[in-house]
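Order as written gives the chain letters A, B, C, D and E; numbering starts at 1 within each chain.
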Amino acid sequence: MYYVELLLVGLVWGCTYAMMALGLTLVYGLLRILHVAQATVFTLGAYVGLLVANHTGSLAAAFVAAGLAAGALGPLIYRLVYQPILDKPPFVALVASIGVLIAMEDGFRLVFGPYGLSFAKNTWFTTSLRFGGLSLNLVQIWIAIAAVVLLLLFALFATRTRAGVAWRATVSDPAIAESFGVSVSGVRHLSFFIASVLAGVAGVLVGLLNNLVEPGMGSVISYKGLAIIVLGGLGNVPGTLLASVLLGVVESFGTVYLDKVMDRDAIAFMFLIVVLMIRPQGLLGKAH
Amino acid sequence: MLEGRDLSIAFGGVRAVAGVNLRVERGELAGLIGPNGAGKTTLLRLLTGVLAPDSGSVRFEGRDVTQMPIHRRAQLGFVLTHQIVRPFRDMTVLDNVMVAAATQVTLRPWRALVSVDTRPARLRAQALLARLGIADAADKPARSVPLGYLKRMQVARALALEPRLLMLDEPLAGLNYTEAARFADLIAQLNAEGITIVLVEHNLGEVTRIARRLLVLHNGAVLAEGVPRDVMARHDVRDAYLGADQDAVAHA
Amino acid sequence: QNIRIGFHAPLTGFAASDGKTALQGAELAVEQINAAGGVNGRKLELVVQDDQGKPDQALPLANKYIGEGLKVVISGSYSGPTRAAAGVFQNARIPYITAYAIHPDITRAGNFMFRTSFMGEVQGRAAVKLIGDSLKKRKVTLLTLNNDFGQALSAGFKEAAGKFGVQVTSEYTYAMGDRQFGSIVASVKKDDPEVLYISGYFFNGGPLVAQLRAGGVTAPIVGTEGFDTHNFISIAKDAAEGVIITTSLDRDTKLPEMRQFIDDYEKRFNVGAEMVAASTHTAVNVVAAAMRKVGADDSVKLREAIAATKDMAVATGRIGFNALGEVYKAAQIQIIKGGKFRYYAVIDDPVLLAPPTK
Amino acid sequence: MDYYLSVATFAALNVILALGLNLISGFCGQVSLGHAAFYGLGAYGAALCSVAGLPMGLSVAVGMMVAGAFGILTGFAALRVREDFLAIVTMGVGFLFLGAVRKQAWLGAEMGIAKIPSPLDKWGYAMLAIGGAVALLLLSLHVRRSWMGRAFGAVAQDEDAARSIGIDVSGYKIAAFFIGTAAAGLAGGIYAHMTQLIVPDAFNFVQSVTILAMVVVGGIGSTLGVVAGAVLLTLMPEMFRFINDYKLLVYGGLLLAVMRFSPEGLAGLVHRWTGRRLA
Amino acid sequence: MLELKGFACGYGLVQVVEELDLTVPSGRITALLGPNGAGKTSTLMAIAGHVEVQGGQVLFEGEDITRLAPAERTRRGIALAPEGRRIFPDLTVAENLLVGGYTQTAVAARETEARVMALFPRLQERYRQRAGTLSGGEQQMLALGRALMARPKLLLVDELSLGLMPAMVELCFRALVELKVQGLAVLLVEQNTHRALAAADRVAVLVSGRKVYEATGEQARRDPEMVDSFLGLKEMA
């Protein structure tokens, strides 16, 4: 039973990773940018969700507002930060992205204070469902559902729709795709929008799960997100999903069994390194 | 000089090279031809070590080099040019060739660290550029030089390694026919100077003109082998390679 | 001319929340002292620097204070920066008072070092007595925050456990940045202890307590001064009810100095008083009292006066320093009831709570 | 005076760190997001030896070797993975180092190692650090001129092509990692003795990023640019002390602005204004 | 159909083609020849909107399209089979064609696809295969097919025969001729001078970014040596 519970904990946590990592994969696939600043989008979503929830008392409103705010911030970052430096070597965008992260985290602290805020009422968190000896609260269940549904929708979008095929064409050769009438700028904005909405929604969910929204809440999950997209095989969507869930489970068991040896982040990254040494192209990546 | 025994490799389901045996004798100029997708590039990559074969072995001058890393083979004088030109884009054309001309110095990182003298390498590189007729582009960054120049620069880079066996993958592609003829002459001349050469080409006119021996690859296996005239006369070769339009091609 | 007192705290970075609270406590003390006429007719002035909670930031900053000719410095920061700065101030023979950093090495850097809060180990011992004597529980699981604060508390706890018949049946650790404790909750459920002892701060302790309760763990929870902030309650909400902590601040106190601090702080900043603020408030008052005796211009005399502090009534109770510069005071035990910290007990055991003297 | 000395010492240490990283990332093209781990390895290696009674010189040398040895291991990783994969693997090396040290009692865990013997005074450390920085500066300038630098350039631009012209790509990558990380180890050894106290958190991801930022702001690949970047980014937070509350905001904003408006860093600016390329 | 007037293009400070006047009529194959680095690819890419036009005008069906976005040019009827093919390797053949017909309605796209399949039956056989695993010749067919999917009035083809075996070269040239007969304007860049001359209705020669020769296909075919001399090869050889 204990193991089942650890497994379950890992799966749920993996789903949170997945929502963050999918967005990072989208952005990476399209622009080859390690979008660390996604963390600020996540945090903004959490703050907006919390403020709206505490103000209106409605979680639905909170999610919508968070999605919109995050969905506005992501494309904005693309426009102001990445677009002008797309033709530069990749670390330029990476450092710029880290700059955004540092500045915005401090911005959040200045605006919302250093203490972090919590939800006035968090019924989802306090409502637990019990199955046998296992218990999950509503937030965890929603996280799992949201992750699975959103990822399925995305998979359908990418393979079954015209826009999805256009998106993948843009990933592989933007100039030529553009030449055939695909609006590359549109695809990029859309990708940032989707990625950011996912991050924003994930932000609110994690905020609910911790009942705490703080300025730096996005950074670690965003670093792990980068590890996940690499682990999955950069730009590979099913790989990202698999890697997220695996990492969640590895962390869940690792924090118990490797407690004396290394901490949670180290466990995650050790797993990453070991896998990459065996499969340098990532779990589902293609060798080149 | 070079011998591939029973070389095979598959990508997923595709058996790109299937049980190829081949020998290249010292001093010869062998042409390797075959339809698109026959496995020529892959075979070259197996021979030079860019890819590791699923099975089979490669011997160079009697030594088994199947497991030897590429740079070691290059240092032995066993050199490949890429089908797609790969210059060091941010270096000048001269620097591109100089790096190759200095392999004796750069062999060991620690030795490279204490060597600053660039004169010998520069002189050799300049001579090679002149020989290939691209000395005028010596100081231009490789990124801004047209393809024809890059192709020649690539050969200059290969020559700088003082190769004894040179493998050229479609060196004539993208050159117009007079240029191609000149280039083919150069290749023949290098061969006459003692460099063993394996040439992959679709430009049949030029290959049959300069090569002493032809190997035809088809579906990953050797279909025919011999003197160009005999090989090109075979029906199976013409069917595989020239398709239905034999006449049209005969004129090309 | 004003008397300048150095004060550094993590105003940005991961520890900014405690840094801000610490600064407010010190500012309140300075305002109160100045309103009452200052010290020997001169006003106090804080020279504030941000150390970001990082040791390497503390070094240049300490040297800067020395360069500016300050005669006394207060640390409103964690152990890392405080330890790094301690050696520098000792060498420069400048009294250095740490308000709430718990690492033992700080006072051991020399005779110019003082601490106005409990060392980690001492507080850990107080928790053992609370569990063994008051709660009468035996089997305890430790949930230790993996930083110097958590490790020091757990070390003190384990060291004293035997004396009170308390048995540590299991221990799990977590990192500063962790907010998700699913595997710890599962493990605690499996171990089924009689009581939990949790070190940590409100930002990880709050989610941890909430998740434990949501996961169905009902054992009593004992926490530390790291939980001593209203933020802890607003995060953990109902799950916070019944949590008992060891701290330096008693909300139901009869001691006028402590009472007044609690009321004034709330009035001034519109939030409930906290232990961190009480500690910096205390440090400023200790310095001011010493200056009243020997003036503010001679750091060696100042050190002597501070070292001589005895049974002084301040925001954190009645305090005095031992030969090492460690504080002696009673441990306040608070319980959360109806969303507020309330009096639960006081542990005033000079032997158990005696700080080391070397 | 003391204040300026300690700032100068930190600036020199940062120059050593940044030039080491520049060797790996700028010269040899292997992006590393975990440089602080090697700084930490040097510091811990030196601290352990020093506490065990070895003289400082020897301790620092051991620290360098420890860092260099792990650098070689990371170099082997760089043979398996490239580019963005490598960036994330090195980031992982940083987290792994930190997460492992945090839990090792014999390394002081979270408490770190204290009471490290400190045989020099402030001037001594300043001179030592500046001496190290100058040495590394000269080494960098030399490497650039030497055939090693040219081979690095070839590896950085296209490793497959480099291999096919006989360059031992693996050897050069490992050499770059070794020199760069040993330099970080040197900085770590000096740091440990100077502060007499090291804790794991001083070598975290943010520190790695800060070092990378120095390299990039200075102009990746340009030795003089990187020196300027390291000095600038050390002094800046000090100069911004007066705006305490907005320091990180300004710092992040500056990184962003440099990348946005002069992606080639300071060296790029110099090039644009004077038409001359910095060494 | 297409008209270049005083056209110049280049990359930032470097101008690689200048003062080029050229007309590409429909129902004809116009061959643009020249030695390596003459600026042929640059010209084609500039017409398609990927390289900066630095002077003069590009007129298409009488309208100035000099500043239009690439996608808009495609919508107006210009399609490109670029140098190096640049098919989308991770997409299947079907998906590559889908992107080719992105500006068309679904019905029109299906119709065009049928015609492309009739032209290149090989693509039908490889319909669900990842394009990156096609052989060189198949990729070239796909590149042409993808361009045709846009139902262009003007087709820009760069280096049709590069890397193709002779049988394949023949097949691709046949296809071009068939298309022109259907009324398409074709602008062809080709290194294989003989092959290009054989198929071209008009010939222009570019050397170092300047037009040095222009003639009808007839004239040029009558005197290939002449063309060679303009290509700057005669005296070198």
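Here are some notes:
In this section, contacts are C-beta pairs under 8 Å (C-beta built on N, C-alpha and C of every residue); 3 or more make two chains touch, one makes a residue touch a chain.
This is a predicted model, so every value here is computed, not measured.
Listed here as common contacts of subunit A and subunit C: D. Chain pair with the highest count of contacting C-beta pairs: A-D. Chain centres here are Cα means. That of subunit B falls 74 Å from that of subunit C.
The distance from the centre of subunit B to the centre of subunit E, with each centre set as the mean of the Cα atoms, comes to 29 Å.
In terms of their C-alpha centroids, the spacing between subunit D and subunit E amounts to 51 Å. Between the Cα centres of subunit C and subunit D there is a gap of 36 Å.
Touching of two or more other chains is recorded for residues 106, 259, 263-265 of subunit A. For subunit C, residues touching at least two other chains, in rising order: 12, 146, 173, 175. If you draw each protein chain as a dot and join the dots that touch, the picture is not a line, a loop, a star, or fully joined; it has some other shape.
Which chains touch which is summed up as A-C, A-D, A-E, B-D, B-E, C-D. Interface of subunit C with subunit D (complex): residues 11-13, 48-50, 54-57, 59-60, 63-64, 66-67, 80, 83-84, 87, 103, 105, 146-148, 150-152, 173, 175.
Residue ranges of subunit B in contact with subunit D, taken from their complex: 48, 50, 69-72, 74-75, 79-82, 86-91, 95, 98-100, 102-103, 105-116, 118, 157-158, 160-161.
Interface residues of subunit A facing subunit D in the complex, by the touch rule stated above, are 28, 32, 34, 81, 84-85, 88-96, 98-107, 110, 223, 226-227, 230, 234, 259-270, 272-273, 276-277, 280, 282.
In the complex of the two chains, the subunit D residues touching subunit B come out as 142-143, 145-148, 150-151, 153-154, 157-158, 160-172, 175.
Residues 162, 165-166, 168-169, 171-173, 175-183 of subunit A are the ones touching subunit E in the complex.
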